[in-house]
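Note that chain A is present in both complexes that follow, paired respectively with chain B and with chain C.
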Partner chain A sequence: MYNPRLAWMLVAPALLLLVFFLLLPIAVMAVYTFFTFITAGVEASTLTLANWHEFLTDGYYHGFLLKTIRVGALTAAICGVLGYFPAYFIWATTFKHKWLLLLLLIVPFWISFTIRTFSWIHILGEQGVINVTLLKLGLINAPLQMLYTEGAVIMGLLHFLLPYMILNVYVSLESIDRTLISAARSMGCTSAQAFREVTLPLSLPGLAAGLLLCFVLAAGSYVTPQLLGSGRDALFGNLIYDTIMGQLNWPMGATLSIVLFVILGFFAAIYTRYMGMSQIVKGLGG
Partner chain B sequence: MTARRGNTEGRLAWRMTGIITLCVYIFLFAPIVATVVLSFNDSMFGGFPMTGFSFRWYAKLWENEQVLAAFQTSLWIALVTATVTTAIGLVTAFALVRFEFAGKELLSTLVILPALVPETILGVGLLVAIKAVDQPRTLPLLVLGHILLALPYVVLIVQARMVGIRRIYDEAALSLGATRLQSFREITLPLLIPAVVAGALLAFTISFDNTSASLFWRPAGVETMPTQILSMLKISISPEINALGTVMILVTVGIPLVGGIVLQSLSRMKRRDQQRET
Partner chain C sequence: MKLSTTKRLERLHDRYANGDLNRRSFLTLTAAAATTAGLSLPWAGRALAAGTEVRFDGWGGVVQEAIDKYAFQPYTAKTGLKVVQGTFGDENEIITKIKTSKPGDFQVIHSSGVNYYIKYVNAGVTSELNEANIPNLANVLQPMIEPFRKLTPKLSAVPYDYGTTGLAYNTTVISPEEAKEKGAGLLADPKYAGKIGGYADMTTRVWYAALAIGQDPNAISDIEAVWAKVRETRDLAKKFWSSGAELMDLLSKGEIVVTDAWSGRVAALQDQGHPIGYLDPAGSYAWMEDMLVLKGSPMAECEELLNFMLDPATAIAVAEGQSYPPSLDPTKVKLTEKIEKLPAFDPTGTMSSLTFADPIYWADNEDAWTKQWDRISKGA
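And now, the complex of A and B:
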């Protein structure tokens, strides 16, 4: 009745799409890293190690890579700390309209990412809320330079990633059997102890999934540094975009993409090695 | 429920949690509120302070043909993406939940990959691949790319719902002589409707919002809404962009909200009908 051949027919469209738009492109990209760059937009299929050599020896690229990993890790860490509280609050509150708090976390997903990002210009910019208020109060004489800094980029990334983190932690808190906490309390734990010994450890899978997701998405971002950062705050995604769309150096662009892919894949592999995929699936499917 | 009450230390911690939660929500919505408020600003500049209340930026937006064209493009792409992704996602999730076949585990991991691989990488990959076979960037290609990006979410949502539907219903229909297609159409699909609608709405917004990958994939001269906003932002942040942002927020928040409300009242109506029948 559940014929495997029928199953293959059902998954065929998705499979074809994944093969031709995901797997093959990445494979072709990997081959492209060995192509020879001649001039903007032109390359020869003569195989060479020049791109890899350039990437491995040029400090310019290493700087970008380290900065991207640092910004990604910092963003993920701040997301973890700031995101845990709302997740815990929503889980533990006796507020009747809990669904409203959850809905408010989903609403940002519906609002265009570009709009959410440029909105920060109204907060941090020279004509933004903070500067205009401080100037009016006479606390500062000249507008503070907050926009087009690394801080602004991290702020924008936090804004984009916090809902992911909160929902991930919430999903894992929701799966905790609440009688465990009552049990701990009735055995004489203080609420702080019960939290530390029971709730926190049991919610760690969600936190870890959230951290991975935030790190990967932050390290792969393109729009946020573009809109909120200066040229110095560009991340690896911007470097890739400029190499391909600006310099039209396709082999180098492919090399950089593969590097980012391998590094993020490495972190994801470490994660799945210890945690498995199921938590990520739960977090994404919300 | 006693976990957080009962001592002053706990109460203090709970209050702090509440305050941080409030701050996070303010953090999430303050910039968006600022954009909406500024879209009604009479001033020539896109920032604070407010100098007066005016609808003129909306009027100006209505005459901006580039913006209208981009809006139309995005709308069509999003509609096609939502329809096709929902169809593909539905049958894929059905196969992944109900069937056993070799490579099933691998496929279910593969299908979430587009959500985990950064769009920049997906963008470059597809571009390099079509360059390798000497194909131009076309609109169908962009749409297929969007379908790829939305697929994981639709599959996950439908899968989650399908797991909760017992196989027995399906099997009962089959043993009573229904064909596979009939039992799917009459039994499984109606039970899946909420997930299908939710998946379609999400696919629509994913496509409508997509920025990074679209920058790589769009054919020369074609602007989608987000890429149009990006290119407008390159000049300066004008009040017109604020108005545009506000319209977009209304559309993309309004559609799922209205969809959700309609769905809820539909199921309520159905329940009432059933009660009347019994």
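And now, the complex of A and C:
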């Protein structure tokens, strides 16, 4: 029988963790946005709207916010296109050791994210594999500028995010009742029609969950643009880093952090409204 | 009689096993004990470490390797005190960590001289050294100590080494004559567009832009002209590096052919056989580094460590290892031939041949200029 007291007791540890390690820090950050910056590393608790005024009136921040959303959306879209096919292949294959394919997806996570990102320097750099090969083949006369560009940043993000997309789509495909596809085929659908009319629509929630995850992670990323991009390829996370770690201006850094949190939260909320969070949970759980 | 925690838990378990304690009380007391143990662990660990180790944070790479090999390892062998080490790429990064930590979490910092010393003083995290416990301080160059003493009559740091941020260039592409002729102008030379680098640091960028347009970096008369020059370099640069390791990587791999660079790192590259030249143009940016002890540190142990590090034998070995001249006064201590050949070495002990940043002037402009540099570096 359902016992509300027991239910609260069971959920209490998780709730306490959320309150102390998520809500409370965010609340502290929110309060910091109203503090007064004195000089590098020094702020006063005198309340002011100056930080919000600066954010709302300074086009520099708006430009980077829009750029971050654009790069995040583009990365997520490419992840969606590139990630769907491997997920479909893993789902559809009759290979008896399917677990091995899933394991291959997880293997990159065993290597440090920073090292994986650094590895692109040796691929895209002037002395990197691509340039050296093209030069030796005589296809180019001078090295191509690939590193420290927006393209390199998106490449690095794809490398990092693609497994999340594939896992999400795969989980969604796995939940499809295969007899529906058989039924479609028995009613005269070709393979392509069965895919278009049955498989694709039923896997869309997983695809959408993957898109949201990839977008949020890409838009919130800081290391990849720092290592693979030039200053111009910075994202909003880099602005936050510079403000907090470079200028030691915590009140403004907190303001920018809250802005990014609200924007990404807004997108997550829209998704939850239309798609439901269960897809993400399923995707993360593999 | 005083009972240990283990004994208490054993007695508790015995009472439970003998039926003297109901299950609810047993679980409650066990949970309380576990919570207490869990909460006290971080502090207990630190308390246990007190008196047996000192925490040091530095710039990593060849510099910290030299300090570790020639100072910390012999110090540990001599005293039994362990030096636990951390690294940072940018000193503001460690200041942020210090602000968010408890006093004592960070103890000794390899800091970038007076410009940064002000930040620690403003943040209220400096300590007061008992100079009587650091007799080797008597051998340190007075011109290096004085700027620190102007800010805090009681020192919180001891100067340890110095160097310059000069121009490093690939000698297979740029001749020494060309480097000498163009000087700071090399950093905005369209001929090397896409092959220029620079330190991603406001002071260095403003300093070299000012030199390139003939302004005094310690009394800039037209900051807008300086920013225009900074933008010019930005547009021609391939990458602004942010750590010594990245600088060495970019130069050694030929990704860039000219950059402003730390003298010691260039010396390390030259030792490795890379075709890299180094030039200190007129007014080249000189800086000093110090060993800063933070508030809440075990002072006696830290002072003992600093004294050991300033011992001539140790300081000379470290200097040779990290390729930066030591803060020892060459008129008081006989230095080696290798040190005398290091870039930036001042044999007079007056430091008059080096141009340091005026700490007050730069501190006054630091906030606004850092903000502007951050924007320019991102394309503004």
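As a convention for this text, the second predicted complex is superposed on the first by the 269 of 286 C-alpha atoms of A that agree within 3 Å, B and C clash if a C-alpha of one lies under 4 Å from a C-alpha of the other, contacts with A are read in each partner's own complex, and residues count from 1 in each chain.
Definition applied: a residue touches a chain if its C-beta (ideal position, glycine included) is under 8 Å from a C-beta of that chain, and two chains touch if they have at least 3 such contacts.
Just so it is clear, the model here is predicted, and its values are computed rather than measured.
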Side-by-side fit of chain B and chain C on chain A, or clash: clash
First (chain B), second (chain C), both or neither touched by A:32: first
Contacts of A:244 with chain B and chain C, given as first, second, both or neither: both
Contacts of A:125 with chain B and chain C, given as first, second, both or neither: both
Touched partner set for A:201, first chain B, second chain C, both or neither: neither
Partner with the higher number of touched chain A residues, chain C or chain B: B
Contacts of A:88 with chain B and chain C, given as first, second, both or neither: first
Which superposed partner A:148 touches (first chain B, second chain C, both, neither): second
Touching partner for A:192 - first (chain B), second (chain C), both, neither: first
Clashing chain C stretch [against chain B; choices 63-71, 189-197 or 243-251]: 243-251
Contact residues common to both interfaces of chain A (with chain B and with chain C): 125-127, 244-245
Chain B to chain A touching residues, read off their complex: 1-7, 9-10, 13-14, 16-18, 20-21, 24-25, 27-32, 34-35, 38, 45-49, 88-89, 91-92, 94-96, 98-102, 104, 107, 109-122, 124-129, 131-132, 144-145, 147-148, 151-153, 155-157, 159-160, 171, 174, 180, 202, 205, 208-209, 211-212, 215-216, 225-226, 229-230, 233, 237, 241, 245, 248-249, 252-253, 256
In the complex with chain A, residue positions of chain C that touch it: 90, 92-93, 95-96, 99, 119, 122-123, 194, 200, 234, 238-240, 253-255, 366-367, 370-371, 374-375, 377-380
Chain A to chain B touching residues, read off their complex: 1-4, 6-8, 10-11, 13-15, 17-18, 21-26, 28-29, 32, 82-83, 85-86, 88-90, 92, 94, 104-105, 107-116, 118-123, 125-129, 132, 158-159, 162-163, 166, 178, 181-182, 184-185, 190-192, 194-195, 199, 213, 216-217, 219-223, 226-227, 237, 240-241, 244-245, 250, 253-254, 257, 260-261, 264, 268, 277, 280-281, 284-285
Of all residues in chain A, those that touch chain C in their complex: 39-42, 60, 64, 125-127, 145, 148, 230-232, 234, 238-239, 242-249
